[in-house]
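Have a look at the structure below before the remarks.
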Amino acid sequence: MVTIVLLTDFGDSPYTGIMKGVIKNINPEVEIIDLNHSISPQNVIEAAFVLNGSYKYFPKESIFVCVVDPGVGTSRKILIVKTKDYTFVVPDNGIMSLIIGKDKPVKVVSVENKRYFLKKVSNTFHGRDIFAPVAAYLSQGIKPVSFGKTVKKINKFKIEKPEKKGDRILGLILYVDRFGNLISNIESDMIKDKKKDHMIMIKGEIIKGINNSYEEVLSGQPLALIGSFGYLEISLNQGSAKDYFGCGIGTVIDLFID
Amino acid sequence: MVTIVLLTDFGDSPYTGIMKGVIKNINPEVEIIDLNHSISPQNVIEAAFVLNGSYKYFPKESIFVCVVDPGVGTSRKILIVKTKDYTFVVPDNGIMSLIIGKDKPVKVVSVENKRYFLKKVSNTFHGRDIFAPVAAYLSQGIKPVSFGKTVKKINKFKIEKPEKKGDRILGLILYVDRFGNLISNIESDMIKDKKKDHMIMIKGEIIKGINNSYEEVLSGQPLALIGSFGYLEISLNQGSAKDYFGCGIGTVIDLFID
Amino acid sequence: MVTIVLLTDFGDSPYTGIMKGVIKNINPEVEIIDLNHSISPQNVIEAAFVLNGSYKYFPKESIFVCVVDPGVGTSRKILIVKTKDYTFVVPDNGIMSLIIGKDKPVKVVSVENKRYFLKKVSNTFHGRDIFAPVAAYLSQGIKPVSFGKTVKKINKFKIEKPEKKGDRILGLILYVDRFGNLISNIESDMIKDKKKDHMIMIKGEIIKGINNSYEEVLSGQPLALIGSFGYLEISLNQGSAKDYFGCGIGTVIDLFID
């Protein structure tokens, strides 16, 4: 059984439920899983980050439908991107940027065949009118090539990469989670020896060393660790680093490798 | 396989999950889909609007369970309303007002047969004790007539209708979505020629013309368009019209037909 | 078909969706139901309360996965607790306190067998790396004993019990729901005759008697009733008792038995 996984910025709205109705109306057998609907409105970078950190945990053959789509109603393309194990139905707005660097697409198609859309297509809710039915037909085994022309190029944005300056790595906060953990763009493999006496500077405060778990510092104290997405994170034991430092997405962090 | 669709004002509470437990306990085979649980507490008009804009996207035979029920524990009836293609389990509080005008009920039953309730019925959580089990038994094929007496009349509220005054249509905002789009009560078919130079006045500001998509105006600029529910909407390209105009449900809009 | 029920403090984050991916990857056949993800961050008492009030509504054989886990990454145990009808996968942090008093565990196992974990276990997201795969394997029929050693003792916290002083019962608010209902720790069976002229004092205001439903008082007026979880609740007809009294978890209430 194929699974369709939904990622949107629709929040608590009925829009997600309606998409599920459309999908089930076409393929009653498919399973639908919510990955997340709380992407900040129209924040493609946040969506790219969440998608990249999540998709490999889902069963092979899963179809990801990502509707974070500030360009809805414009001429931006909708793509079906097939990698070795997964299929993505996405606006061509950079949302695949982090994935396609590591997981080369084997097929990219521009969705154009109106036969697979709802009969009446609005200009403001392609999630319902195009993404949902296309995913449902894909889940029935219809080949990507039936949906439109093969495409050579996918739009990529350059997500801000950490800057290496001698012993320093300058990064920034890319994502803040529900617990106020600050997730940076510094990947685990940029930091060779996690045991050394590194120092992290954030908002003028210094955090010493990279810890393995929250409890290694006192309750209410900040710490740095490699988070579950594989990036350097700033956290607070039993609290919110976001509140403690009064900062969020875009805050600079400065890592001094000892 | 029949689908049960849930619409409530339970928000992020465990109440929805408990209803799912009750349903699955009776009919493990049924599929449950969340339409929306973020209806403003006890706002029957908002629920009626969302239900009306959504239900036709779901598979035929779907059973909608709507628990926006300020009268819980009072003598208000609970109804099973069957239309040609769908079944609704609802409090008799007007929530069906928008649907039954267009989609005539073929059967309306007042839910009274305690055999289909949980054994112990509370006065405050009929969602769990009555709505959920009734929907589960319906999904097993038990006929509406088994649940109680046929009823002739359904409570309707008169949702504020737009007022036509010569070349002007006076409407108001009925629903504000997650993106701050302001959805009015002026239906698409009240506006004959969408290309003409209509003007919309809202909060003392004038919006010219009805656009087809957000991108037809500059980023941060307001516009009017026919939204995905089929009503005139006021939006902001790349932003929130709700924040821009500082307004919400009940705000008057004034459409001047050219 | 076995059902896995999820209870976490992950809020609107993608963490829940990722857990579902992990579960489905191991057992594509299992059904997953969200009980609730809006437990206040790391609030084990709230989680214990919600779990206790909910679990009996789910089908027998359901597996509850509860990730409210301030001790993640520490040496706190993860337990499989089997009662007569249900299985719980929980951190050993007191979350089972309210259940095990009434529903004696028949088997408690400390989860240690890494064979049933994800290959790479992080220090911060055991929901994904341990709880989810363990629950998925349990749902495939693997016996609890395969996951680790039998354990004799489960950590319990003493949830603040109401204090009886002559004709008075001193309780406190344990949970505030989406509607602003204030749910106390005074259980229904502590109050013998609900019809008598009891008085409840909260925040210096007096509520007379225990009502059966909201409508027994005027709109906007406070009342006391036995709520759907079986505890004494303070509510407001057509409004929020939380806002009315300006109070929340921990607020003292004073019940005078007539």
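Structure notes:
Residue numbering begins at 1 within each chain, and the chains themselves are lettered A, B and C in the order written.
What we mean here is this: a contact is a pair of C-beta atoms (placed from the backbone, for glycine too) under 8 Å apart; a residue touches a chain by one contact, two chains touch by 3 or more.
All figures in this text were calculated on a predicted structure; none of them were measured in a lab.
In this entry, chain B maps onto chain C through a rotation of 120 degrees when their C-alpha atoms are superposed, rounded to the nearest 5. Although chain A and chain B share one sequence, what matters here is the overlap of their interface residues, and that overlap falls short of half of the numbers used. In terms of their C-alpha centroids, the spacing between chain A and chain B amounts to 31 Å. Among the residues of chain C, those in touch with two or more other chains are 11.
The residues of chain B lying in touch with chain C in their complex are 9-18, 20-22, 24-25, 28, 32, 41-42, 70-74, 122-125, 128-129.
Those residues of chain A that touch chain C in the shared complex are 1, 3, 5, 7, 11, 31, 33-38, 50, 53-54, 57-59, 62, 177-179, 181, 212-215, 225-228, 233, 235, 238, 240.
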